[in-house]
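Next, two complexes with chain A in common: one pairs it with chain B, the other with chain C.
Take a look at the complex of A and B:
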């Protein structure tokens, strides 16, 4: 128990520290590295709470896939290089950020949250593990949305090809 | 392990007979997807699409009702009726699409199957008894639509509009998922019925109200309600006109249906929150949409603002939580299909003609150049304005009576005043058509599909205007179905 408490404080303080880094680093590559650090610390928080599946997904999806995508965009779009934060954006972003923070804080402190219901009580989850619990729901009750998600990915893929392909080749085809 | 085995053992195969229309649409989409690779026969592709849509339209009245996919998909009269009208809308869009795309040199086979995927998403939206099904449905519908909006070849405006649509639509989806997360935390369920029993008027705490408010903002963004409408004029103007018709009619109708369904079935006892929210949004949409539309010279952009104003008229019904108001909302959304499709299909047919740029001056003397087309446009404009022999009048009347019945006079007054102001731009088109001399003598030619679609819409608007009880009874029945579903 002592160890979990220590881990919580270490992960959360590092997460906040790296989040400051994301906002205040002048070099955008450092900012992205801080973002990776934040995401890994958040996934550490998930691990301390016993949600090992979400922790692993956090690393796999955010820290690996999304951030790598950011790095690709930064390295291919020249305008991004060397541009640090500008004060004119902070006029809007700080109040909006504070508003979201306050809203989240009020809702999490004063909302009447439901304690967990259904078949998956903490004992059952401890017995079968997170992965099996999530998979059982995903492939039985939530099978339909899961399948539709694949359709969404297909549509997105078609769309990126249609909009991104070179037009002059297609034009010649259409003429000929 | 026994818990998991018990969970799985109780499940049978899902009942596929209730989702036959969806399966037909999906198979048609995949068929075109495959055929499009091998053939350049554009006629064949549109024929297959039309055939698939007709087949789905015929099957829908005979589809059995029921729940399937383990309670995540609900097929009842409400969803079947809306599915029928969505399929009908897509049918009319598809039959006018090919001549337009060829005239504008922007033909892609992708238009057809992306439109079908979008339709599939809308069909899921209207038959969702669960926030997750609704969420994936709205995602499928919107993502297909972002792409459709950006597919105007070599047109900067189209890309810009699609980009705005993507960013704003993405924000809307993010807000919806955030709202859903809060509601899930508060009630422990995604099912409408469980949410309805968990959130009652006695325990509206900050979690429930916060979740509902954020969900409401996300839905308002999807319904292009002021002040979340910024994407609408650009996306509507930039997209190819048949796709604009699809976005302005099918997507809106599906959104209104799902808003009504979520509000009534999931939050029946939280009505003090959402009636106020929708009343404010509706008033803002009516005022802003109409005043900005007055200043537009581009008719396509004007109709886009007019569609914002119409989402105001339709959502105004949600200000009063009575069954009469819900009936009025369903009635207005169903009849809006005919006016909206008519207006945009008219523009689509006209844009193919020589020298037509959608500017208001192009309408000068249209009555002398093509009396029948001018008459059709007159019917659509009168109907959107709400002049008695057309059905638009009864749509507005229904919402007006519903608002008065609940003593929401301020909104009723806004509705009437804004309808009068909207005469300024609807009648302007009519005046330009009938009271000016034509500036060009170029002859028009229309395809069979366009002529049929325009004639069908105009005739139906007049028939419903004389005999509105036909749709009013349907709407009343759908409201009854919706109210029965509460807490089931």
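Take a look at the complex of A and C:
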């Protein structure tokens, strides 16, 4: 029990620290490295909440696959020369953002949320395991959205290939 | 056991940080990275409420959000590559064709 509390505070403080790095690092490469750190810490938070499947998928999909996209694109686009921040928006957005955070924190701490309405109580989850519980829901109640998700991935793959290909540039060179 | 309220408050903090990042950054790639931060905040909130409600539906939704995030990253970065090839620039201050 005590270990979970310590893990929560370590993971959450590191996640917030790296999130500040993502927002406020001028160099985009440092920002992406901070993003990797944040994603791994969020994955640790999932493990402390008992969501092992999602924690593992977080590392596999986010911290490995998606970040590799970003690193590849950053290595293709040359170094960003202009100013990193818009100072006129900084003056407005940081106080307003902190105000929104205070509001969200008050709502989450004192809000009257429902509790224990689902069927997967901690006893049930302890018996069947988190992975089996999530997979059961995924392949029974949410089977159709699961199939649609694969279709979305296919469409996104084809779309990004069509958007990112270089053919029109070659055509212009051939005509010119 | 850490109360779930702390997780929800942490999710709010990450969400606000992502929002500030979208507002103040000028590099388009940094905007996309801040969006990833906001998606992660939503994921934390989903799993925290799962823990409270004794359900696993939220974790299924986190799975879908991961899928959408992968699609969004691939299409968004493809768009950034296309914009860079046309403009040789990824600064949001100079991308103002739709404004005029």
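One rule holds in what follows: the second predicted complex is superposed on the first by the 129 of 176 C-alpha atoms of A that agree within 3 Å, B and C clash if a C-alpha of one lies under 4 Å from a C-alpha of the other, contacts with A are read in each partner's own complex, and residues count from 1 in each chain.
Operating definition for what follows: contacts are C-beta pairs under 8 Å (C-beta built on N, C-alpha and C of every residue); 3 or more make two chains touch, one makes a residue touch a chain.
What you see is a predicted model; the values in this text were computed from it and never measured.
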Which superposed partner A:119 touches (first chain B, second chain C, both, neither): both
Which partner chains sit in contact with A:64 here, chain B, chain C, both or neither? Use first/second/both/neither. neither
Among the partners chain B and chain C, which is in contact with a greater number of residues of chain A? C
In the superposed arrangement, which partner chain does A:144 touch: chain B (first), chain C (second), both, or neither? first
Does chain B (first) or chain C (second) touch A:152, or do both, or does neither? both
Of the partners chain B and chain C, which touch A:31 in the superposed model: first, second, both, neither? second
Check the residue A:17 against both partner chains and state whether it touches chain B (first), chain C (second), both, or neither. neither
Give me the intersection of chain A's contacts with chain B and its contacts with chain C, in residue numbers. 113-114, 116-120, 133, 141-142, 145, 149, 152, 155-156, 159, 163
Footprint of chain B on chain A - complex, ascending: 103, 106-107, 110-114, 116-120, 124, 127-128, 132-133, 136, 140-145, 148-149, 151-152, 155-156, 158-159, 162-163, 167, 174
Quick check: in the complex, which residue numbers of chain C touch chain A? 1-2, 5-21, 23-27, 29-30, 32-34, 36-37, 40, 43-44, 47-57, 59-60, 62-64, 66-75, 77-82, 84-85, 90-91, 93
Under the stated contact criterion, what part of chain A meets chain C in this complex? 1, 4-5, 8, 12, 15-16, 19-20, 22-23, 28, 31-32, 35, 38-39, 42, 45-46, 48-51, 53-54, 57-58, 61-62, 65-66, 69-70, 72-74, 76-77, 80, 82-86, 89-90, 92-94, 97-98, 100-101, 104-105, 108-109, 113-122, 125, 130, 133-134, 137-138, 141-142, 145, 149, 152-153, 155-157, 159-161, 163-164, 166, 169
Could you list, by residue number, the parts of chain B that touch chain A in their complex? 1, 3-4, 7-8, 11, 14, 69-73, 105, 107-108, 110, 113-114, 117, 120, 124, 132-133, 135-137, 139-140, 143-144, 146-147, 150-151, 153-154, 159, 162, 182, 185-189, 198, 203, 205-208, 210
